[in-house]
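The structures come next, written out as structure tokens.
In the two complexes below, chain A is the common chain; its partner is chain B in one and chain C in the other.
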Partner chain A sequence: MEISVSEAQGRVPVTVFRLKGPVTTNSELEQQAQAAYDAGARNILLDLAEVPYMATSGLRALHFIYTLLRSDDSSESDAAVRTGIAAGTYTSPHLKLLKPTNHVLEALKVAGYDMFLEIHSDMKKAIASF
Partner chain B sequence: MQRDVLISRVPLFETLPAEEVALWADTLHQRRFPAGSLLFAEGELGDRLYIILDGLIAIVKAIHTADERVIGLRGQGELIGEMSFFNDDGRRTASARAHTNVLMLELSRAEFMALLQRHPTLAFGMIRVLSRRLSDSNNLMIRDLHEKNERLTQAYAELKTAQAQIIEQETLARELQVAREIQESMLPRSLPQLPSYDLGGRMLPARQVGGDFYDVIRLGPQQVGLAIGDVSGKGVPAALFMALTCSLLRAEASRAASPEAALRAVNHHLSERNAKGMFVTVIYGVLDLPSRSFSYVRAGHHQPLVWDAHGRPQCIPIGRAHPLGLFPQPMLEAQTLRIPEGGSMLIYTDGVTEAYDEHGELFGFERLCALATQDDKASAQSLCDRLVDAVIAHHQSVPQSDDVTLLALHAYSFPS
Partner chain C sequence: MSSAYVLRLIADPSSLETVRAFVEQKALSLGVTPDALYDVLVAVHEMVANVVEHGYGGQPGVIEVELRGEGDALVVRLIDEAAPFDPTAVPAPDITIPPHKRPAGGMGILMTRRYVDSMTHRVHARGGNELVLVKRGVVTSSP
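Moving on, here comes the complex of A and B:
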């Protein structure tokens, strides 16, 4: 898997991770996200248009990034997030996904990731949604 | 440069009178050798010595063998080949190879002996040459011994390290084998015999130990719990998380009021002890034997595959749910399906559908569905075995990347 990182500006700065190739391990993506977070990134858009396949390790990495970006946000109470997760109504304001391929979308839906991670099909709208 | 000047500059001949030098300059043969050519070989009979006028000669022991070693370079004004004149057997003690293009004067044994007789003081010079060669040889030998000793010491240290690593690997392999046996013992040793049902199960870990599990739990005379799980990741961490989940589920299943309650309790324990961010997808449900009703929760796991007596797949709505271990209060939607009379149900992990071949082609749900439903007369166990064989045949030379686990069930008419 290759990861290229770029910056975009919507209402807030957004770090865009463009992934290329199957995601079969979690460590590389987690390390890159941690490095971006340490450098100040607080909003990440994962472009999955060129990811043909994502193993459970990849889903684990998505959850890691979701938790990482939530850890610094005091605007939402833990209780409200818990309630939203349990009801399937909460979506992360800091981590969003762009154009997953059919196979990856299926994996996201089966694992219920589409309930807490917004999935966009347009880059501009995705950036603007943060 | 004139040959007599060159000869007079050879240290051994510095004391020769000018007329002797002039004589040699006229009578000695001059020889040229291109770089890389062999002047003489170790062990040959030697009846010539050479005075190097220009270029370099390598003195080589054990030439053209694995032990070949250059023991010295001789340059302008130096003698080579003189040792065979003083050896009892008259043989060359080393080989000589032109290191560069060389120009030399050649003396026969007879010419050299005649020279010594005319000028006995040359013998002192020869002794000095031989003495220096002996000293060089001794030094070289001692240096060689030191180097060999160091290499031996290093090789011994490397051997000890390698031996320690082998012992560690063997210990680890033994521990992994024990871990595998423990893990296998956590799976049902034999599946319960249920009236009007036929059960089969199979797990094939990708590594020595795996992160998948399945379980069949008797909950009462007419109810049985069926579970299958897949921990994110592989190897020992996944196996430990699998063992934890499997134990928790078995404990909670027997006392929980519903599959949802059981999974929420398991999730509660997993979330509290999940420093590594691992998660597990699970299907756990309770099968009511008389009604063939299966009440279950699909915690981030693939839907069950259900088909009727004619092999027609049944449409099962996808409930919403999260895997266990991710959130303190996950979304877990309870669902119920009914297995048709004479029909079957298969629950499986994604190691089945996501096994890929050398071209990256996945085994896929459609292939699984076609293979599972094609033969309704096979036992549930032979169905699982056949599907595992099909997955192995699919990935062929590509190493198995994920654990493969299946739990199958055929339902017949329940006796009234």
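Moving on, here comes the complex of A and C:
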């Protein structure tokens, strides 16, 4: 898998990770996300358009990034997240996904990750949504 | 009775690519449809990754992968020499728990169940585990 990182500006700065190739390990993606976070990134958009396959180790990396970016804001408190997921009104404000392929989308659904990660099909709208 | 293909190797994280390539090549030669191949690859990848990561805990260990056709079904047998572990006895994770409260792992078994029709486990006669994955209705021709 290749990862290219770029910066975009919406209402807030957004770091875009463009992934290319199957995601079969978690360590590389987690390390890149941690490095971006350490450098100040607080909003990440993962472009999955060129990921034909994501193993559960890749899902684990998404979980890691979600947790990394979760803030102390009251809108992300335990209670708010629990209530919001049950009501279908909560998604992470800091980690979003762009254009997952059908196979990857299916894996996200099986794992229930589509319940807390917004999935976008348009880059501009995705950046603007942060 | 169709042919069986067997790959025996020392398992480590780099083995996953070798196993995937083997399964892809041999499943296609057994007549598995390309659509079904993806499902089989996901299931085998997850279960071999489990053995590598949890069964052997990162230490080198033998794993054997056998593929054969039975009628229209593809049967994959995975044999290891790790401590007995029955993935079929693991309850499905609760995916309604808030994500930060969930364990990050445990998804491999869920995914495998989703992509194959049956998954059976037994402790192998010589020790270790034997896991059989069956995907039905996917073999369209004899080799």
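What we mean here is this: the second predicted complex is superposed on the first by the 120 of 130 C-alpha atoms of A that agree within 3 Å, B and C clash if a C-alpha of one lies under 4 Å from a C-alpha of the other, contacts with A are read in each partner's own complex, and residues count from 1 in each chain.
We take it that a residue touches a chain if its C-beta (ideal position, glycine included) is under 8 Å from a C-beta of that chain, and two chains touch if they have at least 3 such contacts.
Everything numeric here is computed off the predicted structure, so don't read it as measured data.
Student: With everything superposed onto chain A, say whether chain B and chain C fit together or clash.
Tutor: Once both complexes are aligned on chain A, chain B and chain C clash.
Student: Which of the two partners, first being chain B and second being chain C, lies in contact with A:70: first, second, both, or neither?
Tutor: Touch partner of A:70: chain C, not chain B.
Student: Does the superposition put A:19 against chain B (first), chain C (second), both, or neither?
Tutor: In the superposition, A:19 contacts neither chain B nor chain C.
Student: Just checking: does A:87 make contact with chain B only, chain C only, both, or neither of them? Give me first, second, both or neither.
Tutor: first
Student: May I ask you to decide whether A:57 touches chain B, chain C, both, or neither, giving the answer as first, second, both or neither?
Tutor: A:57 sits against chain B and chain C alike.
Student: Output the chain A positions appearing in both contact lists, the one against chain B and the one against chain C.
Tutor: Overlap of chain B and chain C footprints on chain A: residues 24, 53, 55-57, 59-60, 63-64, 67, 82, 85-86, 103, 110-112, 115-116.
Student: Help me check something: in the complex, which residues belonging to chain A touch chain B?
Tutor: 24, 26, 52-53, 55-57, 59-60, 63-64, 67, 82-83, 85-88, 103, 109-112, 115-116
Student: State the interface residues of chain C toward chain A in the complex, per the touch definition above.
Tutor: 13, 16-17, 38, 41-42, 45-46, 49, 95-96, 98-102, 104-105, 107-108, 110-111, 114
Student: Taking the complex as given, what residues does chain B use to touch chain A?
Tutor: Residue list for chain B touching chain A: 230, 232-233, 277-279, 281, 300-303, 318, 320-323, 326-331, 350, 354, 356, 360, 362, 401-402.
Student: Show me the residue ranges of chain A that touch chain C in the complex, using the header's touch definition.
Tutor: Chain A residues touching chain C: 24-25, 53, 55-57, 59-60, 63-64, 66-67, 70, 78, 81-82, 85-86, 92, 103, 107, 110-113, 115-116.
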